[in-house]
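Shown next, in structure tokens, is the structure this report addresses.
Order of writing sets the labels: A, B, C and D. Residues in every chain begin at 1.
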Amino acid sequence: MADFIKFTSELKVDLMECSASDCHVMAAARVSTKGNEAKFDWTGEARTGLIKYLMSNRHGTPFEHNYFEFFISAPIFVFREFHRHRIGFSYNEESGRYKQLEPKFYIPARERDLMQVPGSKPGRYEYAPASDDDYRQVLSHLEESCVDAYEKYLEMLEHGVAKEVARMHLPVNIYSSMYVACNARSIMAFLSLRQKRTKREPSVLNASATEPWSIVYKGEAFFPSNPMKEINIVADKMEEFLAEKMPITWGAFKEAGYVAP
Amino acid sequence: MADFIKFTSELKVDLMECSASDCHVMAAARVSTKGNEAKFDWTGEARTGLIKYLMSNRHGTPFEHNYFEFFISAPIFVFREFHRHRIGFSYNEESGRYKQLEPKFYIPARERDLMQVPGSKPGRYEYAPASDDDYRQVLSHLEESCVDAYEKYLEMLEHGVAKEVARMHLPVNIYSSMYVACNARSIMAFLSLRQKRTKREPSVLNASATEPWSIVYKGEAFFPSNPMKEINIVADKMEEFLAEKMPITWGAFKEAGYVAP
Amino acid sequence: MADFIKFTSELKVDLMECSASDCHVMAAARVSTKGNEAKFDWTGEARTGLIKYLMSNRHGTPFEHNYFEFFISAPIFVFREFHRHRIGFSYNEESGRYKQLEPKFYIPARERDLMQVPGSKPGRYEYAPASDDDYRQVLSHLEESCVDAYEKYLEMLEHGVAKEVARMHLPVNIYSSMYVACNARSIMAFLSLRQKRTKREPSVLNASATEPWSIVYKGEAFFPSNPMKEINIVADKMEEFLAEKMPITWGAFKEAGYVAP
Amino acid sequence: MADFIKFTSELKVDLMECSASDCHVMAAARVSTKGNEAKFDWTGEARTGLIKYLMSNRHGTPFEHNYFEFFISAPIFVFREFHRHRIGFSYNEESGRYKQLEPKFYIPARERDLMQVPGSKPGRYEYAPASDDDYRQVLSHLEESCVDAYEKYLEMLEHGVAKEVARMHLPVNIYSSMYVACNARSIMAFLSLRQKRTKREPSVLNASATEPWSIVYKGEAFFPSNPMKEINIVADKMEEFLAEKMPITWGAFKEAGYVAP
């Protein structure tokens, strides 16, 4: 019976709609100093200097005047973390009360580190690769558990049990989907917490002060963060869209040590 | 000297950019019941029934997946009220610290009721028209005061006084301008509080239950509101854009007694 | 092995800390009309009239100047809904990445309607009681599934699999716990959506206009709502604390048809 | 007539009510790793290490589980900036529509730098002291303007003009008052933007890494900020209350370069 059940490691982020550019930031910022005359062409050329200034001085509001609409497909345990972002995010998600959930479950990919390094501390846990045997064992456990749970789910539904009751024992790796409306500022706040970063060393900071901002690489930040791998992947996909739509904003964000304005 | 100073009653709301339609609401709502299959054509036809259901059951989040960018020109005393709307609104405003403010001041139009009806209660103040003499007197006071203040402002600036200091005595009817990013839900919350409404009578409610929703007229609400005339004008202009871009949403909002979902 | 696993229907809401009274509302409201003189005794007597006026005119901000800190224990599928409330709520929740989750799972109580009435519509689903057989069957499915999942969880942990990986197949009825900071306004917004209500009939409205507000009973609202039973129970417990700490506010909220200001 | 008009430089911040301590932060944080067992004594001893870890890793939510209620008296041009802080702040302010405003106006104190250094750039303006003559001139302009405006205000009120109309020409340095509810996290966000700071040099960063955190002095930050003097004074007064109620949180905030978590 279980052959219609799908196991996958795919985490999908589609950009459904977008009104965003570096020029949006400039228009919003310039109303401060130009007032009525700030209404220039939003499709014009953006100035790197102004955007870098806004970012490094943490003038955050000009980065809110734009719009990204994402459609995201990921397991519930990822959405649980996602929904903790309350500001500048609008959510509409698939409902387990109103819809029969699809038999689609997340399994970690082979390259995902599964094992915890003994002795590593909460908040700074280190992870290690699984052996082939361990990986097979984890997958077999997950899959067995999901197949069994989903079969019981179907059985209860067929029996007339309400969807909101029949789903109670479904696991947190079942897939869900949602629309997410947000803006560049809320995206940057998300990235600042949901992408893995180690602390940027003062010596690097020192060096970067004289280097062009474009060569400050990912992974160096003022503040370290240790997100879960799966939400990090979602964040990376969102970052790609930010980088494409607002390249100067994205560059300035990196130069500012990934601290959202 | 004062002849370059402009007095006006104009309150301007321009829609600079917009990604919004009733189909946006439907796409966001349908992810609840359709999941991945909710990604239908956003330019398709919207269904009145679903949107009315969402509104009257106060499912608010589907109305957040859209984007309106306004440019608003109004006096400071209007912006003071506007900025109290914290949720679903992004603001960037002209700065009195970084920009020399324009000599443009708000004066009430002739038809604006200027006088307070004696004995009317706070929160339910009633207003009456001014006589021609009273109107002239109010205008003459306002204009004299503004001209004098602006001349002193210019004099201080020429003398090297910082803009943020020289503006301290400028009046709250001086014009400012701002970009406002928001969505249909935050607009409706704004309209529900910033448009004058009297309480809808139960008998009217009763009648409307059998009438087509389109003939429920403005001015009948579950909850009364008594906004300041000037912000009401701004709200009316915002409402026009909502009505144009999302006619079904707007109709459903009216039918729900102007209670934002 | 499974005998240490706990199954329960308990949903717990503890009030850990609270600074709230009807006088808080009055002090905040009176600053509008009294300015500096608004600083009266917060432990004094509150006036019903003012609070009813604020509520029925939807002056919401005076209801934000207070503080409730809850500790809530409920299954993940309840928290999933809870966390969609973004405004005026602060959350800190038990982490499946940093903590071994307790073997405690939610099961519906005998009196919880488990069956869906065939033909009832999404958004207005009707539920019916389960027969003794059906109830036993649901419980046996849930319990088997939970026991199996938890045993696999333990096995993986013992094997060195990271907690965030080993928990992927744990079901949404496993218990979690969280601190929630909020205020009377955010609580009322929560109650307005998470307690079951049928639409208040115009005739009832009419009647209530001449009756003392205290006799408007729960269940009559301007707007219907159909929440999940389990979050409704949580909401009811929160409402008890609101009623105890701010009885006039609570009464006015009911009289205003359970529409949060 | 003008002798009843008060001119002052006073900016007042009173703490009306407070439920906040470093232990609040710890309780909220520990629910992540302890779940139900996190409910320890909130009046116990706080651990510096945990709070510093939360701050430097930007785990912000544990700092939201507390409550500060301020009563603030300041001119309108300060409140205009204050109200741009939308998240984690609740406001109720004196109303010019419902209350006759008091004849109390802000004037800069003698030590406030009034002059702008020619050639300094927007966003990084530099200010210089006024000569005695310049100071007298600024004060005389401000005072004349305020007296004239307030006299016209009174005259219009006596004539029956509505308060909301008669106040249109009142200047932005007239005093207002408000209640502000907030929490440690929103206070820190406020301080990070509304206190003057120069950029912390990498060499200082380097040094501070080996020094006890308590000796990192104010004025060294990761990100520079150039607030208006008057809101900086308000921020300093709020900071005193934060420091008194949550000394470890405050210390950790400074050590983290004044970047709010």
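General remarks:
The working rule: contacts are C-beta pairs under 8 Å (C-beta built on N, C-alpha and C of every residue); 3 or more make two chains touch, one makes a residue touch a chain.
All values reported here derive from a predicted model rather than from experimental measurement.
Looking for a copy of the C-D interface in B-D, A-B or B-C, one arrives at A-B, which has over half of the same contact pairs by residue number.
Interface comparison, A-D against A-B: more C-beta pairs in contact at A-B.
If you average the CA atoms of subunit A and of subunit C, the two centres end up 28 Å from each other.
Note on chain placement: the centre of subunit A and the centre of subunit D lie 33 Å apart, centres being C-alpha means.
Subunit A and subunit B have Cα centroids separated by 34 Å. The multi-chain contact residues of subunit C, meaning those touching 2 or more other chains, are 33, 61, 84, 87, 91, 98, 122-123. Per the touch definition, subunit C reaches subunit B in the complex via residues 33, 53, 56-58, 61, 84, 87, 122-123, 192-193, 202-203, 205-206, 209, 222-226, 256-257, 259. Subunit B contributes residues 75-77, 80, 83-84, 86-87, 89, 91, 96-98, 106, 108, 112-116, 118, 122-123, 125, 127, 130, 134, 137-138, 141-142, 144-146, 148-149, 152, 155-156, 159-173, 228 to its touches with subunit D in the complex.
Here subunit B touches subunit A in the complex through residues 16-17, 19, 27-29, 31-36, 38-39, 42, 61-62, 64-67, 69, 71, 73, 90-95, 98-99, 102, 176-179, 181, 183, going by the rule given at the top.
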